[in-house]
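Heads up, the thing below is written out as structure tokens.
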Amino acid sequence: MTVELLLQTLLSGILFGLVYALVAIGLTLIFGVMDIVNFAHGEFLMFGMYAAFWAFALWGLDPIVTLPLTTLLLFAVGVAVYRLVIRRITDAPMLSQIFATFGLMIFFRGLAQYLWKPDFRSVDHTIVAGKVAFAGLQFGLPQVVAAGGAVLTTAAVWAFLRFTRLGAALEATAADKEAAALMGIDAQKMFALAWGIGAACAGVAGALLATYYPIFPEVGSTFILVAFVLVALGGFGSVVGAFWAGILVGIVEVMGGFLWDPAYKMVLVLSLYLIVVWFRPQGLMGKA
Amino acid sequence: MSAPLLEVRGLTKRFGGLTANEDVGFTLREGEIMGLIGPNGAGKTTVFNALAGFFPPTSGTILLDGAPVEGLPPEAIAARGVARTFQIVRIFRSMTVLENVMVGAMLRHRAVPKAAVVARETLDFTGLGRRAHDPAAQLTVAEQKRLELTRALATGPRLLLLDEVMAGLTASEVQEAVELVKRIRDRGIACVVVEHVMEGIMPIADRMVVLENGRKIAEGPPAAISVDPNVIRAYLGEGYLAPGP
Amino acid sequence: MRRGGTALALLGLAAAVAFPLLTTRVTWQNAAILMMMTAQLGVAWNILGGYAGQVSLGHAAFFGAGAYVSTLLSVKLGVSPWLGMGAGAVVAAGLGVLVGTPCFRLKGHYFAMATIAVGEIVQALVNGSDALGGAVGFNLPLGETGFWGFVFNRSKLPYYYIALGLLLATVGVNWIVNRSHVGYYLRAIKDEPDAARSLGVSLTRYKMIAMILSAGLTAMGGTLYAQKELFIDPGSTLSTSLSIKIALVAILGGAGTLWGPVLGAVVLTAIEEATRIAFGGTGRGTDLVVYGALLVVIAVFQPSGIAGLFTRRAPRPPAPPEPEARFP
Amino acid sequence: MTRSVRALAAIAALALSLGASAQEEIRIGVIYPLTGAAASTGIELKNAAQLAADLINGTDKSLGLSLAGAGGLPGLKGAKIKLIFADHQGNPQVGATEAERLIAEHKVAALQGAYFSTVTTTASQVAERNGVPFLNADSSSPALTQRGFKWFFRTTPHDELFVQNAFEFLRDLQKKKGIAQPRRIAIFAENTEFGTGAAKLQERYAKENGYEIVEKVLYPPKGTQLTSEVQKLKASRPDIVMQSSYLGDAILSMKTYKDLGFLPTALLANDAGFNDSEFLKTMGKDGNFVISREVWALDLGVKKPVIAKANALLQARHGVNFNGNSARAFTGVFALADAINRAGSTKPEAIQKALQATNIPGADLIMPWGGIQFDATGQNTKGAGIIVQVQDGKYATVWPFDLASRDVIWPMPSWDKR
């Protein structure tokens, strides 16, 4: 009984952690390439969820079916945000960048409330509804699918950065903008690409979450704090770091809440973060 | 004679598995100019950072006036009269030229008006006085280097560590810098000069220390160093000596 | 230039002192008090975030320390909130040292993130502590008490002048810091920390001085809030959104400038109130759309803050003529 | 200073003259969250309050409440009620500022609001400091009437009564329906003022009534997951879960219950998220059989026709039904109007006195209450709660049994047999 409960809790933690990681890798990618912390990242997630919701509500399409469209849509949103706003503050001080993305966050939340009302929405049936049960453990199928999707997406992003010319160019820009420019890489394009991919990751996460999580204009605020912790814990700019940090945080949050007191589960996560940066100020896998 | 101003013994610095300095030693007397040279990656900057307190040495001793200072943080070493410049200039870009130098002067003069007077005098000494009220960010590279030197000088040091202050300067600018270093020495301030530009360092150094692969391979007056086969090999490669008889 | 600035400041001060005598409309007085309280927090934040460049997004912890310490002392022990204000400042300063000791090793975004974490942890702990009122918080007694008791019902004016006084004191501390070697050192640390160290500046000591001043002054603002609203709870005094707002005020106005945060508070409060009054009743989030869009526009077109509008084009006084220095 | 005193005096004189001449309009300030997370609720409250005012000002007497259709307040020569709305955004400081503005700028005779207990706390403080009556119709924190205020009146029952009701309900189940008494209770609540307050009361009443608290889980609201919380609940094997959650967490917890196969004998919810139409819509058949406390339900109209009639009016105007919140806001306006009418004046002291003497019979309300009568703390002593259960996707009154439209279904059928 107890062993089962513990195992169940541990695995649940990992499932959540993988989805956290998916939200965070977009954030860390943008940071890595541009040194900008995107406070409006949770709102990309929110847009992803609403895109999935409206496709479902208006045309009866399942979030999983429309996932590729949601991804493309959010890619476009990311690029548009870069072109319209971020491009203009690339060289501004860190403070005004925080300010701009914070303004974007408020703007997007207000926009969602304006367009879609502050109500809670949800996708009330989906092809991934149901349960996965084995060895006395059971998990919601949507969570399992979301976690699986998160792993695939993270792997795809990682492979893209590692094995494609475009990905290599992106990494080169992240490592050294001037050197990349000398190699003939168009930094503007790379920045736009980072925003596109970053938003698209959040879009994937949003579509996957829409299968089981309530949708409302401020839903981004729920995930953004965890995403920040992951990015800093994994090391600003490190996709792999954010991935492992996601799993770690998922486990600590769920197991901590179960074994200790749920009221302090975020205290545990944040303390873990502070302890890690005490010993490794650059995060788990960040560049020193 | 009394204890030398600076005495370095057995200085070794390792980063992980890499050895940047191995058993480096030398001494420096008051008012002396020492050139520290060597090919790229020889470990000059690492010695420098150890002297200035930025990297504590792995082992070895650094004595200032006979007192050990190795492992002290940079601010404590600055307080003991060691000032430095940086290879890549690090001026305070949001301040004026005068304010930059005032920050240096404040080490000995906390009161702002007094610091301003000292800073002004120092600027006049180094020839930057007429730019005192310009934003530091507007200076040319040569001027920025000189500003950094002025700022270091304003801390009232007894030992000045100059890291490639002449790199990237035109011939006439190098000449001006050489003259400036001489005048600094004339004030009784000892200098350790890391330099790539040989024509800059040869005429002013009282003594040279040559590093290669983290080790000291030669030490002596410039004239002797310039004909030292070890030094020539280090700078020009093995092939240079091979054809010899 | 400088004389013009002083004259402007004096003029503003005179206007601020006379303002409540010119209008008896409570709405205006309230708006003015709110602006000054917000400005005071921005100015206090500025010492650490602006001059020293250590971007804290956890200042609500200090604000809350001020609000909670004075409230606990007055509710449980009957100590005058004026003394509580001092005690709160001391506790906040202590908390600041506690936060700074590990966090000052972190740079840039890492430091900002760590301060968010600290702020969230403090809020969660207070929220879970029955001794500190838990999630319910505290109600302070309402009775008019006179000056020493720090509760005024008959008129807004005492709160107005206390807020003004606290703001002026905070600006004064900023001014003194800015003019002393500490101010130069903080700016040096912000620009080039390694160079500052090489000139004998201890990073930890001066960041800590900035932290202590900033945290203490922020806490005093917290006490004023508690005494004005007479109700505190974790949500209203310890939240991360409050921390972000404090930073936002300073950044909007111009971080690292003396009057920037004051300007920022005036503009931000005006935008907030105007959008709320104009669009708030619709219940459709229009106010947030307008507010958010304005923030983005300001950030994009005026990245150095509103204060930058006034200083950017201002020419520096020409250097006095002197013979060109020559090398011998 | 003298200038300000003179200016104040001038304003005061102006206010007095206005008070004397403007008998045809009675201004009441109403503060609700019209933007922010609770905006949709705030707008419902606003609409209901406005409907009440319009009924009092109009001449249609068909509803059957005594002031409805009076064409204004007879005690003030037919003066009309004007509601002035303000938005507090869920922020206690804004609530206080707006209360102050309504009092100073609009010279309101009384204030009503503010839904959130925290905002009611600060806004009513301003009223207390200024000597203006504050009527609260919809905040359930018991602490509000324990502050010794003289100008604060609350028509709704508070959480203590609701918790008491829950235990009376359990007792009645055994006494009158012969349903065996479950003893193991788990408390599940968000760690806010609302949740922790309710949890403390539940703990106290459980002990007094001989129940065993097997687990108490307080969780931070609006988190990303509730898995660890539900695991803790599940591990404690409770018969009854008493839950206080807002909508998002209510939905998330129910889904987690199902995913983890957790099913107590009964889920007794504390209003909030469980009494939201969106909860029913999202949960579908998984939302059935949840039991929650309420103050109002549409099916009460069967036994109390005025409820159905009032609901038809709201339906006609806004296309929505009343719910517990909006019915209470509606009732609040009627209670204030009744007091002002008897006071025959808009002077705060007169209204305060009239409020203290309020005695509205239950028949004159759209609530299932014994009436409205305030005790010395300003708390209505005749309020009552009901208990509803979600059956076939609707809220059905199941307790008190004499008001019930359906029988309670107990225990909850398992997740796969629905």
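For clarity, chains are labelled A, B, C and D in written order, and residue numbers in each chain start from 1.
What we mean here is this: a residue touches a chain if its C-beta (ideal position, glycine included) is under 8 Å from a C-beta of that chain, and two chains touch if they have at least 3 such contacts.
Since the model is a prediction, treat every value here as computed from it, not as a measurement.
Both chain A and chain C are touched by D. Look at the CA centroids: the one farthest from the centroid of chain D belongs to B. Of all the chains shown, the one with its CA centroid nearest the global CA centroid is C. Across every pairing of chains, the maximum count of C-beta contacts belongs to A-C. Chain centres here are Cα averages; for chain B and chain D they lie 76 Å apart. Averaging C-alpha coordinates per chain places the centre of chain B 43 Å away from that of chain C. With centres taken as mean Cα positions, chain B sits 48 Å from chain A. Our note on geometry: chain A versus chain D, Cα centroid distance of 38 Å, whole angstroms. Shown for chain B are the residues in touch with two or more other chains, of which there are none. In chain C, 124, 127-128, 283-285, 287-288 are the positions where the chain touches two or more neighbouring chains simultaneously.
Across the assembly, chain D contributes residues 35, 39-40, 191, 218, 220 that each touch 2 or more other chains. Chains that are in contact with each other form these pairs: A-C, A-D, B-C, C-D. Chain contact summary for the complex, chain B toward chain C: residues 52-54, 73-75, 78-79, 83-84, 86, 90-96, 99, 102-104, 106-107, 110-112, 115, 124, 127-135, 148, 151-152, 155, 176, 179-180, 183. On the side of chain C, the complex with chain D involves touching residues 20-21, 24-27, 30, 34, 124, 127-128, 134-137, 139, 142, 153, 157, 225, 229-231, 233, 235-236, 276, 280-285, 287-288.
Within the complex formed with chain A, the residues of chain D that make contact are 35-40, 191, 217-220, 222-225, 227-229, 231-232, 234-235, 247-248, 251-252, 255-256, 258-261, 276, 278, 281-284.
Of all residues in chain A, those touching chain C in their complex are 31, 37, 85, 88-89, 92-100, 102-114, 117-118, 217, 225, 228-229, 231-232, 236, 261, 263-264, 266-267, 270-271, 273-274, 277-278, 281-283. Of all the residues in chain D, the ones that touch chain C in their complex are 1, 3-4, 7-8, 11, 34-35, 39-40, 42-43, 85, 87, 89, 91-94, 96-97, 100-101, 103-105, 118, 121-122, 125, 128-130, 141, 143, 147, 191-193, 195-197, 218, 220.
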